[in-house]
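Both of the next two complexes hold subunit A, though its partner changes from subunit B to subunit C.
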Partner chain A sequence: MTQDSKASEPNAARFDRRKNILFGRDKDSIIKGFFGSTATVAIVVLALITLFLFKEGFGFLGSYHKSLQEYRLSGLEYVDILKEPRDDFSALNRYLNDIRAEWIRDLNARGLSREAVSRTVTSPKAKALFLSYIRAGSQLRGFIKKKMDAAIEVRDRYQTNENLRETLQGYAEKIEAVSEPGYRLSPEDRAQFALRLKESIRDNTLQADKLPANQEILAALEKGSPLTAAAQEIYLQLLRKQYLKTEATLRPVDFSQSINTITDEQERYAEILFNLEMDIRKVLKRADAIDFENKSLDKRIQRFRELNDQYLASIPKHKAKLASWDQNVEVPLWRALAAFLAGKDWVTASDQQDWYGLLPLLSGSLLISLIALFFAVPFGVGAAIYVNQIAGPLERNLIKPYVEFVSAIPSVVIGFFGVVVFGEAIRLLSQFEFMAWVPFFPLQERLNAFTAGALLALMAIPTIFTLAEDAINNIPRHFKEASFAVGATRLQTTLRVIVPSALSGIISAVMLGFGRVIGETMVVLLCAGNRIKIPDFSEGLGVFYQPVHTMTGIIAQEMGEVVRGSVHYRALFMVGIVLFFVSLLINYGAQWVVKKYRKVGD
Partner chain B sequence: MNLAIQPERPKPNSASKAKAIIETRDFSFAYGPTQALFDISMDIHKKEVTALIGPSGCGKSTFLRCFNRMNDLIDNTRILSGQIKISGIDIYKRDVDVIELRKHVGMVFQKSNPFPKSIYDNIAYGLRIQGIKRKSELDEVVERCLRGAALWDEVKDRLGDSALGMSGGQQQRLCIARALAVKPKIILMDEPCSALDPVATAKVEELIHGLKTDYTIVIVTHNMQQAARLSDRTAFFYLGKLIEYGPTEQIFMNPENPKTEAYVSGRFG
Partner chain C sequence: MAKPKLHRFAIRSSRKKTIEVIVANLFRLMTYCVILAAAYLFFDITANGSKAVFQGKAPFINIQFLTEKPQTLHVFEPLEPYNEIQKRRTQILQLQSKRKALGSNDTEQRTEYSEQIDNLQAEIERWDAQRKAERLKYSDDAYRALDHTPDLSMFKHQTYAYSGGGIGPAIIGTCLLVLGSIAIALSLGLLCAIYLSEYSRPGKTLQAIRLSILNLSGVPSIVFGLFGFGMFVHFFGWGVSIIAGWFTLAIMALPVIIAASEESMRAIPRGFREGSLALGASKWTSIRTNVLPYALPGILTSSIMGIARVAGETAPIMFTAAYALRDQLPWEGLEQPTDFFFQGVMALPYHIYVVSSKIPQNEYTRDMQYGTAFVFLFIVGFFALSSILLRIHVRSKYKW
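This part shows the complex of A and B:
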């Protein structure tokens, strides 16, 4: 019938109904649904990752704040203030030792015999300076050691208590649960029960007449057969006993009391400082008796005097600082954040106080990125310009795949190459005489920011090259033609028309290269030297040859061995969040640059 | 009926050879394996407008781009035979200074292509790349060229604005002004009005007409009326060959070749 009607109406309109394929949906909407759902899944996964990162990281502030609070309450902070003059004094000692070493070198250089040198250096006059100076600080060192030990002990006891309280809490909950009528022992309970029972039998803490009954229960436990209510009662008793035993080991810490052992002996401390000052002055007076017969040494001794004067002048300030310290002042919450963001130390697993300061890591990351971009930008952008504007088709077909191929090298391979070949080569090279003109050669460290930066440049070049080349390639050909048509050379066309037009794309390529560099982990972990310290910028360009640690490196290195949920664990997540924001900022910046400076129409 | 493939030399040419500024002899040109131009010989005369017409792909644009060696920018192009002389110099000679040639032979493209710079900078570009930095000199040339391109009154108050903010017709006239800045003798125009509306087209045509007194203009166009209106001479190309070349009047009114006749009367193309 229908066939008939169709045959009779060959021109009947065919758009009266959509063709269903699956569950009443046509092909288009199925394809749309497929792509839509994959996009949704990607977004949801990303959102979950972000959420997780923030959840783990934000607990950091609370726990770090608590840790800082304990640091103050336990008196460790006070001890750290006490330590300042000691540390300064040690630095002065090192300076003096340096002078002594130089003096010995100088004497040797003058051709004195070994005996003569040692006679001069250990002469009573010299001893009066060098040895007496070291001895001057012994009282101070002893005093501070005592106070530090006291503070550490308080802190340790407090932390042990905290842990015990947690254990007790667990016992209390268990006891409560077991004493509920109708509670059935879980396998975990049974194991615990058997363990405790065995202990009791071994230690004979139960009455002798109950022994056979207990053996019976033990047998039942091991067989896995059900227990009587009486047996369960014994379990409860054992738990209670354990609770009491643990509670007995608790030795509560009263910070307001314990602080006295640290802050007492104020007069003694003042006396020590006074003696120190007297001793230093005495020693310095004796220094005049030694004739170094060398101008630069005289100058250094003079400088040493000045430093000592400064040191002694700073002591009243130190005393004032000690006096103003108050255990009872609450540590504000923002201090935890400030100590993280602006902290100069990253010290973990310390016997005193752990510090989670971002600055050494951030400065390391930025320093390495700077070095990497210093190399990668000229090479990447230059290669892009060359390949797109100057090279012939043959060269283009050679260079482009090769540069892009570099990005296919696994970063661990590049890192390995850096450790074994590049770092070593640079160090060996730096030790040749003819390289001495390069500042800061010869190098001491094989692994340093420069090694890592140079290798990261290698990884950033393909990114910068590819994106910059795309940007240049997107410049319409007619700009080039227009420029040539008024008699511009190739170089003029490239520099005055092509590059300025592609500048936004080139800048964003550089920024994405920066993002690539700052997020790179393996190479920096292997090659940067991993010394957690803010690079010493006072060395000028020498800062490039210092070992540093990075934000990515520290996460990779420490995440594996950290206790889950600890302050340290959360601190690593905070570093991750910072890294996340840095990358976000860079990407956003790159997009902003492209949008803002896009000049070219079509 | 004259069926000869080789076009008849137009009379003015033979009359005064001294007037020819571009002389092409047996010029053949190829893109890779594809030959695009076959043995072209024609003379273009000083201070005249010469139109190159023909259907798409006939090689007229290619031919035009040979005059300032713009085809050098395309990979795999080569000259098979013949030569082009401009002002008596073979421009494909080995030691020709292409940069100077392009200053001598300016070009305006099909699509207006001002640089993404200000109007002022667009025109000053040609001078700046020659190392001219004096503001007064640049100012003077910019004004001269904008006046020359009949654009001065429209843009004199916004010389610092981006050239990309101008209308399509203005942009094209700016491109002409830019070409004038380096004082060329010849201006090549590759379908300069194809992207413009009739009003803008009329303005550009008027401009071209005015420029004729100072410059030699070679224009490629698809628009037969335009060729008829503007040019003194017209060359008809078909499949890479020059079919007929002569005074415009003759090509349009009394073509010798039946193909020309068919094309100009709109029967194909």
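This part shows the complex of A and C:
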């Protein structure tokens, strides 16, 4: 630095041989400028990533908000509230079917012949319970189907209209551009014009006496010669015609009118619900007539009854909710963000409403990371302790490069290994009888959170190992010597002196391992099973064997198929932003831990 | 019996020592578990992959697999063994269901059924060996070139997508992608690192830049892919193309290369630079002669590791540069030279993804899958290994 400042002083020393090369700059400062500009380019490019992600992401809030607003205005939201009792009823139906299946199993187990079983199960008494219960809901189902179709139709019509408006806008702009004197045809316009003109000549929609002139223009167009004034006039004429034609197909949707077709028939709905209640009560009374001869089945029927009571008790609340629903309440903008961050569904390309909720993906990512860290932390840290403290120099010099080599295995190869070898091996293993003590064995799915997590552990171990080994290695030698001097054994020294002093480094290693796991794409895409649903935590440990989907996986899977600029496209960018922030947070946290606790023991 | 008397200083076994040994061995066990798990992965892929890549007769390497384009595989299964196997399979299923229906007392009957099943299994294996010996496999090109197709009354004709031919375009595509992106990343990254470590003034801004570069190196690769897709493929309108892949991969590798190169330059003692400056050399001369030569090995190792990373990534090229199938090589069918940059290519990692998840799994796809994985692992492993060996060599050579 001092050199530079000296050079720029006016009275430089005589032996300063710096020469002006360009614009009063000497060679050194040109070189410096060159490096500086490259550095700026690199840093600007890296900053662009963030900017670009945010640009696309913020677009998401607007378009998702608009979609939610349409959801409310078109009455789809109302229909979704209507659907609640139907869905609950279906769940009860499933429960009843389950009881029936168990009953059949029970009868089979008692050694009844196939005919006897089917006779019992289809006896009038049984039919009165099982079949009548299903039938009780038919009116409700029909009613809701009708309303749903109406709402979907309104929403679709509205969207068609919006698209038409956009097309009209495009035509209007084109007309304006063409009417300007200095207009020149672009290749696409030329092709379009020629096509239109050909159609008009064929259909004879232009003035008949000008037919030869039109054909001349067409020939000129196809040759690629510039536009004449007459041709321009005809082009305008055609465009205007097109505009009017499109405008005629426009059928505006008045939401305040259309909602009536959905919210009317309130009395009919109340009647249906009343009938349903009556039917359910009647059916439940008949349930006593069947003798299951089995305590647990009786208990389940009792439980079924309680569930039905709860269901019937919830109906007034549902009615109140329907009554309080108002089409005209604006959806606040923050709701779009909340629906993304706390949304429980990720549903795309459905005929009703698309939902972009992060929770199923986030919970899947976290679940897999948890499994991966469960394996990677003990093995990674344990191996680091072993290599640094216990192993001999030969072992150390072999293991360290080996683990580093393992870290270079491409993730897609590990994922492939999971698909063809590991997933299958785990499933086969789970089918052996001696493994039956493990909860939720045998497994149904070959690819699940556990498969992906265990493989990701293999990717996280090298990261954790290398960084933790570094941290342990950085502990000053005199710590160890002091500990030995007071008579501690090697194990005591390692576990009570070395590891605690390196703890901050080890924690930061674990955090960076976590960062690697949560950002990994190919392994989870190939091995996690890809079911978009929040894992069912009520299953206890079985939750680890469910197929899940992840944030990285969803981007990789759906990015190739989305339309650019759609809500879906932007939703994927939002997921990317979340990933970006999570990884920044983890990195920053790891640095903070090291910085904060570095002083310990100094 | 009396214990032999020990010398006063002899090592006595005590519970404490036993625990110590046990715990040490526990740590050893953990370490070797990791090593064995990874070793099994290498072994599995090498063992199965070498079946596709190597062959018994000269030149011992399956040139076709390494150079040909992926094709549909046409398989003609001999009907007779096929039918025999199917027949026995149904018999086994019947026996199994019969065995299940037995009460728990019929142990004799049960063992008899089990024996029959075992016999049938053995027969199936024999027929299977015959089927394998007699079946005919053709790649799509060979199938089209056939004078007369095998007699369909004796053979069962089946086709398997992606299972025939080789992985030539994918190897070439990966090489192209890696070469271009590493050239961009190295030139930008190295210059940037020289500026940051040698020219820039230390201060808050530099600290912030350094911190953000460090943080960017931890950002998941799929986010870079997302960025590349939005920016290069759509916003710049390059489409799915080599050049979009180059820039995406280069940007992904950039933070790592900048951080590593800067670190190896800053590790050079100040005295090296000051000595040169004191002798009257200009700043650039002292960097050129006294910093870069000593930092070069460090930069080289990190950039070779960068190559391994870039070659190994799938997520960033999935929707910026890679095609699932393209039957033209990059230099074929170009209308003008610039088209070269604006075409998608096949790439090994994406090919592995496609053949392991998008097509049904069966015995014929195995060779393709394992062969591709083996070749890919070999390429990436080669770069990683040379980086590691170089680093060991450098560490023992340069010390200050």
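One rule holds for everything that comes next: the second predicted complex is superposed on the first by the 554 of 602 C-alpha atoms of A that agree within 3 Å, B and C clash if a C-alpha of one lies under 4 Å from a C-alpha of the other, contacts with A are read in each partner's own complex, and residues count from 1 in each chain.
Rule of thumb we're sticking to: a contact is a pair of C-beta atoms (placed from the backbone, for glycine too) under 8 Å apart; a residue touches a chain by one contact, two chains touch by 3 or more.
No experiment lies behind these values; they were computed from the predicted model shown.
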Next item on the list: Would you sort A:Q242 into first (subunit B), second (subunit C), both or neither based on which partner it touches?
Entry: neither
Next item on the list: Return first, second, both or neither, reflecting whether A:T466 touches subunit B, subunit C, both chains, or no partner chain.
Entry: neither
Note to self: Quick check for you: in the superposed arrangement, does A:T451 touch first (subunit B), second (subunit C), both or neither?
What the structure shows: neither
Margin query: In the overlaid three-chain picture, which partner chain does A:S501 touch, first (subunit B) or second (subunit C), both, or neither?
Written below: first
Next item on the list: Check whether A:K32 is in contact with subunit B, with subunit C, with both or with neither, and answer first, second, both or neither.
Entry: second
Next item on the list: Could you look at A:F479 and tell me whether it touches subunit B, subunit C, both or neither (first, second, both, neither)?
Entry: first
Margin query: Quick one: is A:T489 in contact with subunit B, with subunit C, with both, or with neither? Answer first, second, both or neither.
Written below: both
Note to self: Using the superposition on chain A as set up above, list the residues of subunit A that contact both subunit B and subunit C.
What the structure shows: 489
Checklist line | Residues of subunit A that touch subunit C when the two form their complex | finding: 1, 3-4, 18, 27-28, 31-32, 34-36, 38-39, 41-43, 45-46, 48-49, 52-53, 56, 378-380, 382-383, 385-387, 390-391, 399, 401-406, 408-417, 419-421, 458, 461, 465, 489-491, 512, 515, 518-522, 525-526, 552, 555-556, 559-560, 564, 572-573, 576, 579-580, 583-584, 586-588, 591
Check: Which of the residues in subunit C come into contact with subunit A in the complex?
Finding: 16-17, 19-20, 23-24, 26-28, 30-31, 33-35, 37-38, 41, 44-45, 188-189, 191-192, 194-196, 198-201, 209, 211-216, 218-227, 229-231, 234-235, 251, 254-255, 258, 277, 282-284, 305, 308-309, 311-315, 318-319, 349, 352-353, 356-357, 361, 366, 369-370, 373, 376-377, 380-381, 383-385, 388-389, 392
Notebook entry, point to check: What residues on subunit A touch subunit B, complex-wise?
Noted result: 392-393, 476, 478-489, 492, 496-497, 500-501, 599-601
Checklist line | List of subunit B residues in touch with subunit A within their complex | finding: 68, 70, 73, 75, 99-100, 102-103, 106-107, 109, 111, 113-117, 125-126, 128-130, 162, 164, 175, 178-179, 181-182
